[in-house]
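Next come two complexes, and both contain chain A; in the first it sits with chain B, in the second with chain C.
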Partner chain A sequence: MFAEFLQFLLSGVTVGAAYGLVALGFSIIYNASHVINFAQGEFVMLGGMSTVFLMAAGLPMPVAVVLAVLVTVVLGLLLEKLAIEPARGAGVVPLIIITIGASIFLRGVAQVAMDREFHAMPPFTGDAPIMIAGATILPQSLWVFGGMAVMGMLLWYFFARARFGKAMLATAYNPLAARLIGVNTRLVLLCSFGLSALLGSVAGILLAPITFTSYDVGIMLGLKGFCAAILGGMGHGAGAVVGGLIVGIAEAMGAGYISSEYKDAIAFIIILLVLFFMPNGLFGKRTTERV
Partner chain B sequence: MTRHFIKRTLAILLTAAAALAFGAPGAPASETIRIGTFLSVTGPASFLGDPELKTLRMYIESINKDGGVLGRKLELVHYDVQHLADKAKTAIKRLIEDDKVDVIIGPSTTGTTMATIPLVERAGIPMISLAGAVVIINPVKKWVFKTPHTDRMACAKIFGDMKKRGFTRIGMISGTGGFGKSMRGQCKGLAADFGISVLADETYGPKDSDMTPQLTKIKNTKGLQAVLNPGFGQGPAIVTKNFRQLGMGMSLYQSHGVASKKYIELAGAAAEGVRLPAAALLVADQLADNDPQKVVVVGYKKAFEKRWGSAVSTFGGHAYDGLQLAISAIARAGSTDKEKVRAEIEKTSGYIGTGGIVHMSPDDHLGLSLSAFRMLEIKNGEWTLVD
Partner chain C sequence: MAPEARSPTSPATSPAGPLLEVRGLCSHYGRIQALHGVDLEIAAGELVALVGANGAGKTTLLRAISGVQPVTSGDILLAGESVVGASASRRVRSGIAQVPEGRQMFGPMSVEDNLMLGAYTRDQRQVATDLDGVYAMFPMLRERHRQAAGTLSGGQQQMLSIGRALMARPRLLLLDEPSMGLAPNLVEEIFATVEGLKESGTTIFLVEQNAYAALSIADRGYVMETGRVVLSAAGRALLADEKVKAAYLGL
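Our next item is the complex of A and B:
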């Protein structure tokens, strides 16, 4: 009985850590611009797919991983330069729509430039499951979990302590005032895309050995990550992590104890409940606007 | 206002008349035999449509090089419909009304097939589907045929093997896509006939990335001896990996939906010992020399692998069989008259294809028996023949 519960928990934590990483990516761009970047899932896909293809080209895994992250970051920067920046004055909603277009575009390019098949990636440190009190977890799941913890902490430090992180927050809050006190808001926006592309690609690479990767793997991950970000409070680092874990664990428990038929519905039920009853999420501050 | 309207209508009518007179759409009947197809070349079912289209292209080229059929060249008209029923409906309308094809091969999936059957039946044009589910041909539709084994046959083959090994208490974990859903229903209906009881029945979504919760439930169901996983795509590969991760200690059976090298590649070492029913094509080299299918499957396998440089899958084989059934029916009918061709397809008897030996009849638009399936086991990363 306990072993069963523990297995559901471990499964949920693995998947939840992945959602958390994607949610962190949403948070960064949101913090810099109040834009929700729906191409976040595609960064995840690009990380995993590029690694697989670079390895197929004969590169050793560490080199392929680093290159794949670089490729994704460059694409993230290009996305900002070529699609977001020219429309900077357009307001938040048009920018969000641009990111939806960008996600479709990136999927299409990946489909043509790479291929449409599923690919497996070897795990970082072996395939032998680790036994914990009758439940099992793969070593790769620990990598995902560790990756999320490290990234989450770095980001927390970045936004709470580092000067540039604070400049990002200032830009999101009031771009004009931020410019007046000398923040380079263009650079901030550019960096936010680079940074969340980096996060996305890391998530994609950590996940690929567990879930496989393909050109359209980003759609579902992006949506679930979005749910996690909303649940945790958009723009809140720790919130993204906690939100991801809650969504992941709720899914696993739901599949285990209620019915696996509704597994995918659980994340979306959570998002509806959150939007109805606490639109700022678990950690989000209540914002009031002065008129 | 009215005059303007009349003028415009006249103009449209004139253009239409001119188009008719000069025969713009559709080539004259005496020139080529037009074979229409609409497959899932992109999207989640691309592993079906991609080898199917490659197979059709390759064989139509070589048939044309040898002079065609009835002295006429073959022409392939293709639309990619992904796995979308709406796209399939548009494609079938274009094939029938604009392209005026003589016979249709495809589509790849059960969903797209079922969506287009009413249009095909109304237009009266022979269609040979490459999709799996039994609902396509049962009840029989006048104009619709298919080449792949049905999910019902797969269930029977698997249950037969389980019985032989003494497994009577099993669990199922099924994909919720069209294929998994259909096969799950067929297997549950058939289990009692084999004295098998399905004690755990779980499902997973087509894009799920982790099935350990479902498998944990199955693991904790007392007394199970085997698990059956109907589904296709990456889902079964994840199930297989999770199955080994949890150390389930039972036998795992997959369906013919994973009968391609990709499955072994994705699941890796976890696939060792997995059993599944599949067409003889996968084990072409292991067939006995006196096996009637040997020549056909080895020939197709060699031709495909030489031309495309990738491993053969049973799905391309379904397209090969579909094309052969169609052109031999056209040859026997001596024309592309749709009713005659349809009747000849229905009379197909003793055709030896990649999927098995086909004997069609007015009540059986598939014509394969259970012997067409072979039970395979994965050993050292290769398919091996069990019986």
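Our next item is the complex of A and C:
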């Protein structure tokens, strides 16, 4: 009984950690621009798929991983420069539609440049399961969880301590005031896309050995990450991580105790419930601003 | 040998020109024209007030000077050099800081973070003494340095907003209705602060609805109506002007 529960919990936490990273990517771009970047899932796909293909080309895994992250970040920056920046004055909704177009485009390019097959990436450090109180966990799960913890701490440090990180936060809270103190808010927007691409690609690479990867994994992973971001409160860092874990765990429990056919439906039920009952999410904006 | 062996043609050494000069400035919101050729100038060390009714274009003018509102024609010169083509960030670096209308806090961030962000464009090693200076000017901010800016009262936020702008060490300080919505004793405190800043040598461009108080402390004043400057004179002279009395002082 307990071992079974623990097993579901562990697998939920593993995918949940990856959802959390994707959700952080959504939140960072949202904070910089109020845009929901629907190409976020494609960053996840690009991370995993590029690693697989770079390894197939003969590169050792660590090199392939670093290059895949770089490629994704460059594509994220290009997306901002070529598609978002020129339309910046057009308002939020056109920008969101542009990101949807970009996601279709990136998926198409991945299909042509790589392929339409499913790929299994080898785990980072073997696949001998580790036993914990009757449940098993793959070493790769520890990589996913550790990866999220490290990225989360680096991000926390960046936004709480680094000068440019604070300027990015300031832009989220008050873009006009940020410009008036001399923050280059265009650069903030560009960096938000780079940072989100970084987070997405890391999530995709960490998860690929567990879940397989293909040109279209970004659709589901993107939507789950979006759901996590909404649940945590769009734009809230810790909320994104907690939201990711909750979505992952709920999904694993649903798949384990109800039926694995409902696995993907659970994220959508969560979105609907959140939007209906607490549209600001768990950690969403409390009104601290006095006018 | 003369101590100042500078080139006589160098504009940086000519003390004659105004610190800020606005020439024929026009600005639009879409098709609506908000500024219709505004001309004004402010000499270094001056405190100049700008008064005018709601919607006259005062905020638009200040935003255009700071570079966050597009300009359709005209020129803005800071110490003789045109800045219309410069980004908002460059203008802060060249010495223009603004205390915006409505205070514009970074609400969830601490008082100290708000102040330090005011010095965003500067070398961070040089700002510690300025932070102490702002805390000395507003001891209440030091007491609350860890509190979220959004939880301060309106008057405290206004002081924080002024402190944040001062952290940029501006040559020219633009103040947009700093007394708006404050209780009378706080209004007095804000005006005393502005006078103190002038004494200490800061050049100030003060936009106010509270025309009487603003013109009383100003060296000179401009009156704006529907996007145009319609009157300009010494502060006291404007206070005595019949038209100004009727329109802005309720006399």
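Just so we're on the same page, the second predicted complex is superposed on the first by the 286 of 291 C-alpha atoms of A that agree within 3 Å, B and C clash if a C-alpha of one lies under 4 Å from a C-alpha of the other, contacts with A are read in each partner's own complex, and residues count from 1 in each chain.
FYI, a contact is a pair of C-beta atoms (placed from the backbone, for glycine too) under 8 Å apart; a residue touches a chain by one contact, two chains touch by 3 or more.
These figures come from a predicted structure and were not determined experimentally.
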item	value
First, second, both or neither for A:A133, with chain B first and chain C second	neither
Contacts of A:A57 with chain B and chain C, given as first, second, both or neither	neither
Touching partner for A:K263 - first (chain B), second (chain C), both, neither	first
Dominant toucher of chain A (residue count), chain B or chain C	B
Touching partner for A:E4 - first (chain B), second (chain C), both, neither	first
Contacts of A:Q111 with chain B and chain C, given as first, second, both or neither	first
Partner chain B, residues of chain A touching it in the complex	4, 7-8, 10-12, 14-15, 18, 111, 116-120, 127, 129, 135-136, 138, 207, 210-212, 214, 216, 219-220, 252-253, 255-256, 260-261, 263-264
Residue ranges of chain A in contact with chain C within the complex	163, 166-167, 169-170, 173-174, 176-184, 288-291
Footprint of chain A on chain B - complex, ascending	42-44, 46-47, 50, 176, 202-205, 207-210, 212-214, 216-217, 220, 233-234, 237-238, 244-247, 262, 265-269
Of all residues in chain C, those that touch chain A in their complex	66-68, 87-89, 91-93, 97-98, 100, 102, 104-109, 113, 116-118, 120-121, 124, 148, 150-154, 157, 164, 168
